[in-house]
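The structures come next, written out as structure tokens.
Two complexes, one shared chain (chain A), two partners (chain B, chain C).
Moving on, here comes the complex of A and B:
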């Protein structure tokens, strides 16, 4: 399986993602934002970080960079595109996934482990995964998912919610919402479910001696689903 | 020609920064403030000399980059 990780000026989780993808069997290539063409890929990842210093709105400049035209064509023709953290912010700015990510409700940069409940397993990202709840890491200032009422209805009708913040038992109540996101939303799909944007970082959970292994579950499952 | 644009958050969108500014103003003794909403201001110096064309271009810039229309409104407030 071939993957590509896009590096924007200010990306800082691109190398972590590269390490994670390779660990679970992907042949990964790093792709510079100013390149025009994507290498042949089974999965494209927009990594976390602070592309363009988060100027204007997080992800807004990166969404207009040269490589994004290829990424959008790839996504629109059914290619798997995953945006993590700043990558999620870039995805919403392209319009590939609906909504926006606002400043966290309590104006704090949040850096901690969280639990997320998988809401929809009928897709290549989460199909066949045994767990319903995963422990991932979040580190963001603008992760407060927001969309209009009409958009929310559409998202729910199309089962586009991927994961919700919850407690270790999978309870998705407001008290387990770290950043004020509507309905505890931590990640969403496009309508076709080939594009996934999420704030939590699975690539930070691939080593039991450093963090945890729920990211390993995620990547192992993902590559098996892609085969 | 210089075009000035302001971008404001739509009414229903929570503005935590505006809220904190409001609270701080309140703490400073400005107790008659009802609400504070924070926005952005852009001054765009363009080569275009035709007013209408310049405004049209800036509107396009707003729609495509400067504002996110899911949460923000834009308004051209000055052109000279």
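Moving on, here comes the complex of A and C:
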């Protein structure tokens, strides 16, 4: 399986993603934001970080960079595109997934482990995962997912919610919501479910010595589903 | 502007220093030259009051590749890997403008590290604030934490450990000390020594603006009621540009075109160019019209003194300019050839075709003032006799809960959750433990780091306090299973012109030196921050020690959380019942006099090294050093972290229960071991003549003392974790 990780100026989880993808069997290539063409890929990842310093709005400048045209064409023709953290913010800015990401409710950066409940397993990302709840890790300042009522209805009707914040038993109550996201949304798909944007970082959970290993579950499952 | 004595005094120079400048130049300096002298000769850059004493610190060791004098210290961690590290203060700016002050402190120290070719792999910080009740404390704390996070998070470098303290002596002068560790291959370390004639001098990074002019001078003076006016001297940080600068510099460093490189920190272009020239025994000629400027009509004076952030100066091999420029173009950074090295041994500046400065480099560096300031020795205070009736009415559990909720003991999760501590995917011990630990990427090795200070001990007796901080750093590294290698120190003190403050400095440095020498724990980098005072009131003497150690096999790392019910808990090291200057004495008995606990360097070394032996023989399940709050505080934290309880039993000593549990005797640790290993462990301890007590056994969820009093761990956890969150949400 071939993957590509895009490096924007200010990306800082690009290497971590490269390490994770390779660990689970991907042949990964790093792609520079100013390139015009994506290499042949089965999966494209927009990594975390602070692309262009996130100075205008998180992800907004990156969504206009040269490589993104090619990424959007790839996504629109059914290619698998995953945006993590800042990558999710970039996806939102391109319109590939609906909604926006606001500043965290308590106006503070949050770095900690969280639990997420898988809402939809009928897609290449989560199909065949045994667990319903995964322990992931978040590290962000703007992860407060928001959309209009109409959008929310559409998202729910189309089963576009990928994961919700919850407790270890899968309860998705407000108190387990770290950042104020509407309906505890931690990640969503596009309509076709080939594009996934999520705030948690599975690439930081791939080793028993780190914060946990549920990221390994996710990546192992993903590469098997792609085969 | 004509220069005269008054202008010099307004620049923070002393009358005698101005006379010396005129003598050295054999003429009156012009305003640009005066600005350069004032920047190079202030306390912050010249170390004029401290140099004499810093010379006495041990700085060499088997694993030391580079000691003080470069951008940062470098130690050998085997297999051609080296760790570059340093701690630095950004106290004055952080008080005036907490967000930017703290942010640029973090930015500055990371630049010091990657200037040497190392990729930063971990950040730490030591921050001190005034009393929680003081009206400024909350906003300063919030601003500093946001600033540290804002910069470090954006850079993608994990903040893995730190320390936060509150004491009313910091009401008017907070401390923000930032530390960075970087990883480099031994043969790819870059230095700041220029070499060769007519080599191009290159400016890269951000454009120069008017921010931070006189920053270093501001940091070399006391505060008065006009500090608000000093806001423009605080630098403004742009972590995004620094991230680009980091990647661009490392890309350039992969080749062989750099002769010397120096970041523009305090005193900007002035100190960076002069340091490179001075170390290379060369001259440098700069055309200031070539310096990329952010604002129109900047004068030579402003360009030379600006402390705009995210800039570097490089001496390149001739002919490599185009190749280097391509890299900086790719990262959208400025790149300008602004001058060349010369044989004149002078710093020569040109602007609009006129020579605007012409100063022999040695007058700025070797001839800079050095003072042997008067200082006063601090006598060891007399021991207090604790009255039995003072202790009679105290209930251990109540006291313990108060101590666990004390601002200087309570959980700092509210702070470190705002720092990205897991980026780079190698953080194997997060903040909240004895040391932060990161793996050396792609290897079995890990590096542990901690930062410590003990201002109360240093204030009570600087010599003992100085030793203690080094020992505490040593213990924090050992507690996670790391072999201590070297330290960096950030020496925060009041005015060196005050005999008492100077005495505190001299004796703390002596203490640091003695302990570092004995423990073979040399000082490889650091900085001094004097004038932490408002009007006449100075801070408690606060040397911060950043320690670095190595774990050869990261799977052997130890954490402090209790692991398994029925395991045995031991105290390593002897408890004599020293209560003076303990948290218990100061906060519960309200007794602020008396000497700090004594340091016995032999025990310190022997206990620590023996514990490492136990750890390396896989005999230790968890470990934690005993510091403020004594045995019971330490063991409570282990319970809270592990969600386990303990049946505690005070050994049959002459001292009473309160003294045993709350005393702050030094050189002690708590360890958890399996029952089956008890004999092996005690044999090793006995063989090495290490005193130990059997403290108790691990249970499910209660702290049970002498089979009499008990409290649930949940209750202790609430005491420990709620104070800071509540305080900040009010």
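We take it that the second predicted complex is superposed on the first by the 227 of 227 C-alpha atoms of A that agree within 3 Å, B and C clash if a C-alpha of one lies under 4 Å from a C-alpha of the other, contacts with A are read in each partner's own complex, and residues count from 1 in each chain.
Just so it is clear, contacts are C-beta pairs under 8 Å (C-beta built on N, C-alpha and C of every residue); 3 or more make two chains touch, one makes a residue touch a chain.
Since we're looking at a predicted model, the values are computed, not measured.
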Practice task
Give one of first, second, both or neither to describe whether A:16 is in contact with chain B, with chain C, with both, or with none.
Solution key: second
Problem - Partner chain in contact with A:206 - chain B first, chain C second, else both or neither - result: second
Exercise for the section: Determine, under the contact definition given at the top, whether A:147 touches first (chain B), second (chain C), both, or neither. Expected result: first
Practice task
Based on the superposed arrangement, let me know which partner A:55 touches: chain B (first), chain C (second), both, or neither?
Solution key: second
Practice task
Please tell me which partner, chain B or chain C, touches more residues of chain A.
Solution key: C
Practice task
Check the residue A:108 against both partner chains and state whether it touches chain B (first), chain C (second), both, or neither.
Solution key: second
Practice task
Kindly classify A:137 by the partners it touches after superposition: chain B alone (first), chain C alone (second), both, or neither?
Solution key: second
Exercise for the section: Using the superposition on chain A described above, determine whether A:47 touches chain B (first), chain C (second), both, or neither. Expected result: neither
Problem - Contact set on chain A toward chain C in their complex - result: 9-10, 12-13, 15-16, 19-20, 48-50, 52-55, 108-112, 137, 139, 141, 201, 203-204, 206-207, 209-211
Completion exercise
Seen from chain A, its contact residues with chain B in the complex are 56-57, 60, 64, 93, 99-100, 102-107, 144, 146-148, 151, 180
Exercise for the section: Write out the stretch or stretches of chain B touching chain A in their complex. Expected result: 13-14, 16-17, 20, 65-66, 68, 70-71
Practice task
In the complex, go through chain C and note every residue touching chain A.
Solution key: 146, 149-150, 153-156, 238-241, 243-244, 331-332, 416-428, 430, 439, 554-555
